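One chain, chain A, links the two complexes that follow: it is found with chain B in the first and with chain C in the second.
Moving on, here comes the complex of A and B:
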């Protein structure tokens, strides 16, 4: 995979024409276009789930049917359609993925920028970030999720809370580079406040990194959500991909109903893969220093 | 200097090679060993989902604990395939002194694996220790015992403070008999781990174990209930498979010969077309139920409980979740106790519209017109790892919505669920009773205000019910006793303290090409792995 060569890139103020050009060159890469397309399809599925398939309820007569014209992804041991479950599961997975990553991004960016610009904060924030990074996240998430009442809302909070340190670290390192640049000194000399420098001068310079982090964190959050739901710590009232897998495992049909595990797993794979690829390509496009480096 | 360093290197390399060879050698040995055991037809390998957590048979036990320990320590009575009590260590039992003395007559041919005979003193010792240290659920069953006598080696007399009809049945079935000469020197039995040098009198006794992997039991060379005076199988090996899918594959691949845990109904197809695998079906001694917390202001209202009972579609739950392989119930007494089940009591018919009308008539309002009664919102707690119950709650929530009752699915991780059940933090408890060996003990432990069994999940405190139960418990005449239980069945049903869901059947899968002769008993706790059943198993020649 050869990285695209960019003709121009300015840090930080980006001219509108350059923005258009970089979006264009971003989408011209087949891998980026394809993964953005997959993400768009997923979003459409989530938003229009009620139009695509009825919410899986009740019990049907066709129990454990393999995939067919009537049931594209087959049925489970209650006779519910797996396709409908996957479509409705997209909602939960995307909502949790996005919301958790927004929480992580807001926390991470704030902490990252603060420690990049304000030296005294840096010492404390770095230690906290390091401690958070060193914590065994999965067991902690499992413990927390077992203690609180499982719902989409609590899962989002838990996953978001454990995902910010990576973002903070990323933003801080980029912020350190930017805050050492001459134009920041210029701003300071002109009498700009710390708040203004951070929000108006440094933040725009790291915003592309933030976008990349949103995608990467969201894909990690989707995996965390599926994992917690699979362990029975998910929202029992909301369909999610992890819950479909849990149903298959719990009712002991993994060996005979491959469709009940294959399709939700494929959905997870597709979402995570395309979010990751889209994020990586975006990063390559926006940050010329990474090219060939 | 240089030379020594080089020498050390050589030594290190040589040691490394030796170590590697040693490890691989061990690996080979182990492979040989396990392939030997799998071809030796007289080792019965049984799959289980959990480790043994407690080796003391007098204490409360998990499923795997009781499987392994019940094969080691005899009980006075056992439950046969028809859910009736059958003799085990006791040949017979009778009441004397107007029901105030229960007398067990023991067999004289049971032997501990260290050669000593099992005698009446062992029974007396076991019961006295349980009473002294309040061990397990048997302690509650010994409440009325004033003294225990062992006049000779085969007679045990329990003197009771009052007649209690099912005393002998309850104690006979639940109480493990332990060897006095081994347990007495241990001192405080509530702290005795009993995790090594086991001495038992069942058909098998634990020999060795590897936590997380296997528990190997060797044959007791003298077990009178086995056809040849000892079990035909020379070893029983329990293997731990935490996931039921893996366990089913292990059975299909020939790694185990019997699944101790039942095959989920949805997975029964797994073994279709496999001529080696046979299925045995047994009934249940418990049942699945929705139990209403009487501490909740609205659930304390009989009309609400009845309306909830009318909004559970038990018929479709049975046909969908259990594939039709279960029985409907009306009152709290399971149809398996045919003598006590009040057949005049009929289940509440599924009628959400009727339930809605009933609640409206009772004064409940839907002021904000959202389709739900404003005050009626309840959480339904269940154990997330129980596949059937999670499905039931899902369906219950949907059908109750039609009756205008908003339910929230609170199926949580197992330990959280158990903790909440214990502390009464639930509105509706959706769970499964495991084993009730007789209806009187069941009614006492589930409805008495004093909550002797700790499973009064209604948190019910009703002087009327207490009176009915205590009256029945003191009744010695069998016919009058039956009538009183039947009456209680009706009263509890009218009050709708619980909505019984179903009595399910359990299917056990075993390798029929290698072993035969199992004598299964009802329930998933007993199933194929009772001491009696394991003693009857013979390898297929």
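Moving on, here comes the complex of A and C:
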């Protein structure tokens, strides 16, 4: 399924004190606090990977060890430590997830806002968005990734480029609501240019939706990256959770070495789940109907 | 009605055309020499030129595009680099398996998702509803190969309840063959259903809650119809159509999931073909597989929309 359904409404600008209060009420929800904590732990793991575990290279003596004190997540058929692979994989997942999400958000927000305010652009943009949403994205990304040299950079570009339509559609629908508001007419009467209205008046009204989209798009990007790496289209020089699963699949000992499947799977689940929950709770917090504000 | 069907079909054709055209140009604009993708090792410049000429890659881009489209319309998807066989033949051999897998997952998700979504909507805030909300969000975080591989390891390899790969036991005949087919299908379909079900049922619940608040449901209540009749006959009838369209919109994701599931279970469909083609850098097969899957998804989506128009009495076309 695609991104979770978000409630759409317009939020007027809020004073700094209210922002602090809403951050407080956001983090007071246990599920939100826990998700943010998990995300922070993942970021720490990614940044300090070399301090936590040695980069897994070459073959080791301990082949196919089950999880133990020496190898928390066990070892694979080459004797490499799975825990180290998972820790180093966090880097790739987070970097690609975030960077692809930023590309998608910038493209999607620009296209969504432009089509919400400028009618002629809307016709073209809606056709392109509909076409991209109607196509099976994974086979499309596979085809392109197979042709270019796979690297963290090219994967980020490919994933980011195919993730923007969902963002564009979301931003457009809220942008349309905002464009119809009297204060936009007011700005036009005062002689504001289209560019000024879009960037100064409409963009601030949809900015919280943009923040939510960053988290939800990043979680989809992480899933896409894992899928491409699992199919053998990942960066051969970077560890990735999808690549660990591919190795497990290829090793032929998948029935014995269940740990090689379970731990990277849990890592994907935890990261994507926390990003999704953090995004959805943020969306609830900014909804005045829910928090009585 | 005829006008709606025609315009919907036209939109589907337009979608496919845009997809084919943009990927054609995108692939040729990307860096990389096409001949280096075809043959390993060094080639003399003459060999390279001859190869380019064979595949028509020495002509201007627009000429290549026109002849590419003409060939496509005649069902020619090119020749596989590795198997020296028309790509269309290879894919047509594999497509039924993918349709069987994705189609079964599609039907089962709807069949199981509707009662769960409706019950959760009726008993709001009860345990089923709360579980569904958790599963609905959790479903977005499930990675298809993870689910598939864990099912394979535990239900397939360790407990031995289901086969761990393939689509059918080639030694079986008659009824036994169908049984074997179904037996091999269980784990791949289950992987897809587990990932799709939660989010699908959750969205259905939201639709249903909206429908149950409508005036005609209250009118039915005022007329003294039982709760069961109100929900399952009047409510569901109106919630089921959007539920169908909703699933139609998810077809692209479903096909992506099928590609990954087939890879895990060595299921002989288009997805497994894609995985093999990635390993062999068989790039016409990848392009052909994308086009065929795109046509399938867009056509199925258009059909769901047409079905919606036929079944929905409020749309008089």
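Everything below uses one rule, namely that the second predicted complex is superposed on the first by the 278 of 293 C-alpha atoms of A that agree within 3 Å, B and C clash if a C-alpha of one lies under 4 Å from a C-alpha of the other, contacts with A are read in each partner's own complex, and residues count from 1 in each chain.
The criterion applied here is as follows: a contact is a pair of C-beta atoms (placed from the backbone, for glycine too) under 8 Å apart; a residue touches a chain by one contact, two chains touch by 3 or more.
This one's a predicted model, so the numbers in the text were calculated from it and none came from an experiment.
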Clash or fit: chain B against chain C, after overlaying the two structures on chain A? clash
Quick check for you: in the superposed arrangement, does A:146 touch first (chain B), second (chain C), both or neither? both
Give one of first, second, both or neither to describe whether A:57 is in contact with chain B, with chain C, with both, or with none. first
Tell me which partner A:277 touches in the superposition: chain B (first), chain C (second), both or neither. second
On the A-aligned overlay, A:232 touches which partner chain: chain B = first, chain C = second, or both, or neither? both
Touch count on chain A, higher of chain B and chain C: C
What is the contact status of A:75 with respect to chain B (first) and chain C (second): first, second, both, or neither? neither
Partner chain in contact with A:131 - chain B first, chain C second, else both or neither: second
Going by the contact rule set out at the top, does A:252 touch chain B (first), chain C (second), both, or neither? first
For chain B, sort through 27-35, 63-71, 99-107 or 225-233 and name the stretch that clashes with chain C after the overlay. 27-35
Chain A positions within both the chain B interface and the chain C interface are 146-147, 149, 231-233, 249, 254-255
Applying the document's contact rule, which stretches of chain C touch chain A when the two form their complex? 14-15, 18-19, 23, 26-27, 30-32, 37, 136-146, 149-150, 152-154, 156-158, 164, 196, 199-200, 203, 206, 249-253, 255-256, 259-260, 263-264, 274-275, 277-279, 281, 283, 286-287, 289-290, 293-294, 297-298, 301
Given the complex with chain B, which residues does chain A contribute to the contact? 57-60, 63-64, 77-79, 145-147, 149-150, 231-233, 236-237, 247, 249-256
Which positions of chain B touch chain A when the two form their complex? 243-245, 248-249, 252, 263-264, 266-267, 269-270, 316, 319-321, 323, 384-385, 387, 390-391, 393-395, 397-398, 408-413, 415-416
For the complex, which residues does chain A have touching chain C? 1-5, 127-128, 130-131, 133-140, 142-144, 146-149, 219, 223, 226-227, 230-233, 242, 245, 248-249, 254-255, 258, 261-262, 264-265, 268-269, 272-273, 276-277, 280
